[in-house]
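My questions all concern the structure below.
Labels for the chains are A, B and C, by order of writing; each one numbers its residues from 1.
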Amino acid sequence: MTEETIQPKVLEPVFNHANGRLLMPETRYWPTDMWKSPWSLPTYRRGAAVLAGLILGIAGVAWFIGEIGPRLAPIYSLAEQFALSYGVPAFWIAVVWTFIKGVFVLLAPALNALFAVWWERKISAHIQSRMGPMYVGWWHGALQTLADGIKLFLKEDIVPECADKVVHWLAPVVVLIPAILVFAPVPFGKDLIYANIDIGTVYVFAVGGVSVMGIIMAGWSSGNKFSLLGGLRSAAQLVSYELPRTFAVLPVIMLAGTLNIAEIAGFQAGYWGGIVPRWFIFYPVVGQVAFIVFLIASVAETNRVPFDIPEAESELVAGFNTEYSGMKFALFFLSEFAYVLLSCLLMASFFFGGGAAPLPFLDFLPSWAWFLSKTLILMFCFLWFRWTFPRFRVDRLMDFNWKFLLPVSLINIAAGGILIWLLS
Amino acid sequence: MTADEILAKLQASFPGLVKSEAPLKDYPTWTVPAGSVRAVFERLHSKFSFNYLDMVTATDWSGPANPKGYPQSPAVTPAAAGAPSATAKDVFEVVYIVSALSTGMRLCLRCELPRKEAAVPSLYGIFMASDWQEREVYDMYGIKFEGHPNLKRILTQDDQQGHPLRKDYEHVADKFD
Amino acid sequence: MTKHAHAPADLKADQMFINFGPQHPSTHGVLRIALTVEGEVVMKGDPDVGFLHRGMEKLFEARTYSQGLILTDRLDYISATHNNLGYCLAVEKLAGIQAPLRAQYIRVLAAELNRIASHLVFFGTFGVDMGAFTPFLYAFREREMIMDLFEMLCGGRLLHSYVRVGGVAADLPAGWTEKCREFLTFFKPMLKDYDTLLSGNPIFRSRTEGVGIIGADRAVSWGLSGPTLRGSGVSYDVRKAEPYCVYDKLNFTVPVGKNGDCLDRYYCRMKEMEQSVEIAFQCLDALAGAELNPGEFMAKGVPKMFKAPAGQAYAHVEASRGDLGFFAVSDGGFNPYRMHVRGPSFINVAILQEILVGCKIADVVAILGSLDIVLGEVDR
């Protein structure tokens, strides 16, 4: 690439009576000229080129690696034979293998937070016409989250004088552990699943519901009235939105005839007329309604704008995590992003065919790549909502759930039954 | 209806109400005896549609300010540093500016009070705007507004000694000095 | 100002007492609201001010008229030019000084630019109060351009002290009018952007419509002013009611609301920005005209330190937050004998004790945001 200087339009120093010119004129520029034709700016063109190259590059790498699941199978059998030859009982091999898999599942929320926080900051920055982190890491502040994590890790852990010490300590743990456990039956790709259990859907909703306890504990134990209000709000909100969220998935379960998440994803393989994928979102009316209800309820479940009333910054300072600092605060943060990832993975499995390619000729990319891209696109929606919408008021939020979402999801279940009857 | 006509009508019932000798510039200015302040404003509000209270404040006419009244010694100019004022009187003067939004007419009403145990009827109830402004005047001058339901300090802290805008106020050093 | 805030003695068992502020993200400074809540519903809200009290009115008495100007910047620091203007008008009235016509046009131009900047801050912070963070940065991007314009004009970005007794500090620098026009033409379509971003959002409307209703008679009785009063449907604007500077020669309308809820107050300010752009264009046109002598920005023979003849004067301007009045008393000396500031924020915020009753905690933030107070002016 030729050397193009990225020189934004500099405001010419204008002489005035006192100091002669603007202080530091080289740092001031107005968007007036830049916005007339953004494509004429070298920055803009270069950014687009880099983005396109990045997407193609990642696709190429994915194509080169191929499916991960089948590649791991020979490694496992090799290791198994090696261990068996030394007389290790088969039971212990299975236990160790489960632990190793568990470490990978544990990594999912951690790596996700590392990436998602950076992504959120970059996307919010570009939505708000600024740059976001640019310095830490080698490219566009890519390691900013790591630096933030180190900072949070090194920060002093402050426990308020009037807090209930034990509960205050326990709350982030109670929030985080379900957030990790919940990933067990969720597929990340074909055969990339920790525990392929038959009641996966029920398990996910049941375990995910435990985190509410931790948030209430955090709000109650902090000894802060704003935290208490935040905890109460979150109890009301999370319990309410569980209902439409679960009901929204029922038509999917009815159609697929299974509660196993991987099987639900597998059910949607194939194409209508060779072009339109048999994803659940493309089932007329029922699919779209179910998806929208699930999306809205998921945003509410993850406490994100426009449903972030438990931590409503402008009303309750920071809600239930007002009195948390350092690593404890980071754990709340981690679990929030873990639940965002979970919601996106579930939506990809339930409504977007899991690892299936959107068009038949794109089949050459492995299923995990499709899973990842669908998840990221859905995650972008979460961030997009967050930086566009104002916040609901607490009573309107409840009205919206009980008077709109819940009836709609119930009607949708009936519509799903009719659809099944029509299809049979 | 001009201000003079209103004044003439009001003077029938309030003989103490007169035109001020040194008016507020560009404003019809009247002097009211302290006792009939509330009654005059009630009449102005109900009969002459003066519905908007612009400002309530006061002036301490007891002479130049005491230089000890400032937390840190400010750059007091020669004129302020104790040169006797020609206008010095031992009174507080409460100043009201009231206007009628429908006609755009504005009035300035003044009322002189003795500096010792100064008190004047409150306008609370006629104009809600007087609520905090009267509290501020009380805070700064110690003028009592009789009938105000919540007359306590507003801008200074509630254990403040003295009333800061009085010309004889002396600052008591505290932990912030 | 209450030094030690405790729960009231008559607090019921199912009620909670919350000190909303002075350290709180959305009290716009150091306002404390003593809230008694039942769950989410506010039973009693008692605003408590004075945490930023600096004794301005006392300080005025120990400074000459020119020195006092610097203090006025610190009143409503979001719209400093209005404070300068109000103070200068009062002092000019007191001392019998007449500013030249060109200076008056420049004053109006600077005041309207500052009004836009101030309303942009309102727009941004009101969005943040509602939980929408993005409008804030959009507003501040445009405000930054106004700050640059002011920096070119007088060197200061936030506290200008540009309007001086007898005129303005300096004439418009070379090339400034072109920059100003560039900004105004850029800014005008931005207002439509703001509408699509925030004003039209259903969530935003559900948060503001019918919330914090102030009836017209209550608004007048409480002495509200500015967009807060006009949102209630009372068309009272000092620029029209008692025109100062050259406002009687300019063509503009005063936007008025209907219901007096948060949305009306918000929208009055948005519409006011449109009018300010119009006024600024008219001023720029007039300043380019031949009848105003370039370079005549200051009244002749106004010394740095002057005596005002004994007397009293009251001058008020339509500041961004309402009717800002200065009551000046002179005993014939070098400094004001008494200088009182009628701060619109101080009077506007008092109504909180009446309208907070019965609303939700989230509405407290919305109502407080829609009153658009600046604590520097409340506490003085």
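Keep this in mind: a residue touches a chain if its C-beta (ideal position, glycine included) is under 8 Å from a C-beta of that chain, and two chains touch if they have at least 3 such contacts.
Keep in mind it's a predicted model, so treat the numbers as computed, not measured.
Participant: Along the shortest chain of touching chains, how many steps lie between subunit A and subunit B?
Facilitator: 2
Participant: Find the most central chain, measuring centrality by the gap between its CA centroid and the centroid of all protein CA atoms shown.
Facilitator: That would be chain C.
Participant: Centroid from C-alpha atoms only, then distance subunit A to subunit B, rounded to Å. What do you get?
Facilitator: 62
Participant: How many angstrom lie between the CA centroids of subunit A and subunit C, rounded to a whole number?
Facilitator: 42
Participant: Taking each chain's centre as its mean C-alpha position, how far apart are subunit B and subunit C in Å?
Facilitator: 24
Participant: Help me check something: in the complex, which residues belonging to subunit A touch subunit C?
Facilitator: Within the complex, subunit A touches subunit C at residues 11-12, 14-19, 22-23, 28, 30-32, 124, 127-130, 225-226, 229, 232-233, 305-306, 308-309, 312-317, 387-396.
Participant: Note which residues of subunit C are touching subunit B in the complex, please.
Facilitator: The contact residues of subunit C facing subunit B are 1-3, 49-50, 53, 55, 57-59, 61-64, 67, 93-94, 218, 220-223, 234, 236, 241-242, 305, 307, 310-314, 316, 323, 325, 327, 329, 331-335, 337-338, 340, 342, 346-347, 350-351, 354, 379-380.
Participant: Quick one: in the complex, what on subunit C touches subunit A?
Facilitator: Residue positions touching the partner: 16, 18, 24-26, 39-40, 127-134, 137-138, 141, 145, 148, 151-155, 169-171, 173-176, 179, 182-183, 186, 197-198, 201, 203-204, 206-207, 360-365.
Participant: For a test of understanding, state which residues of subunit B touch subunit C in their complex under the given definition.
Facilitator: 22-27, 51-55, 57, 59-60, 64-65, 69-71, 74-80, 83, 85-87, 95, 97, 101, 104, 106, 108, 127-129, 131-133, 136, 140, 153-159, 164-165
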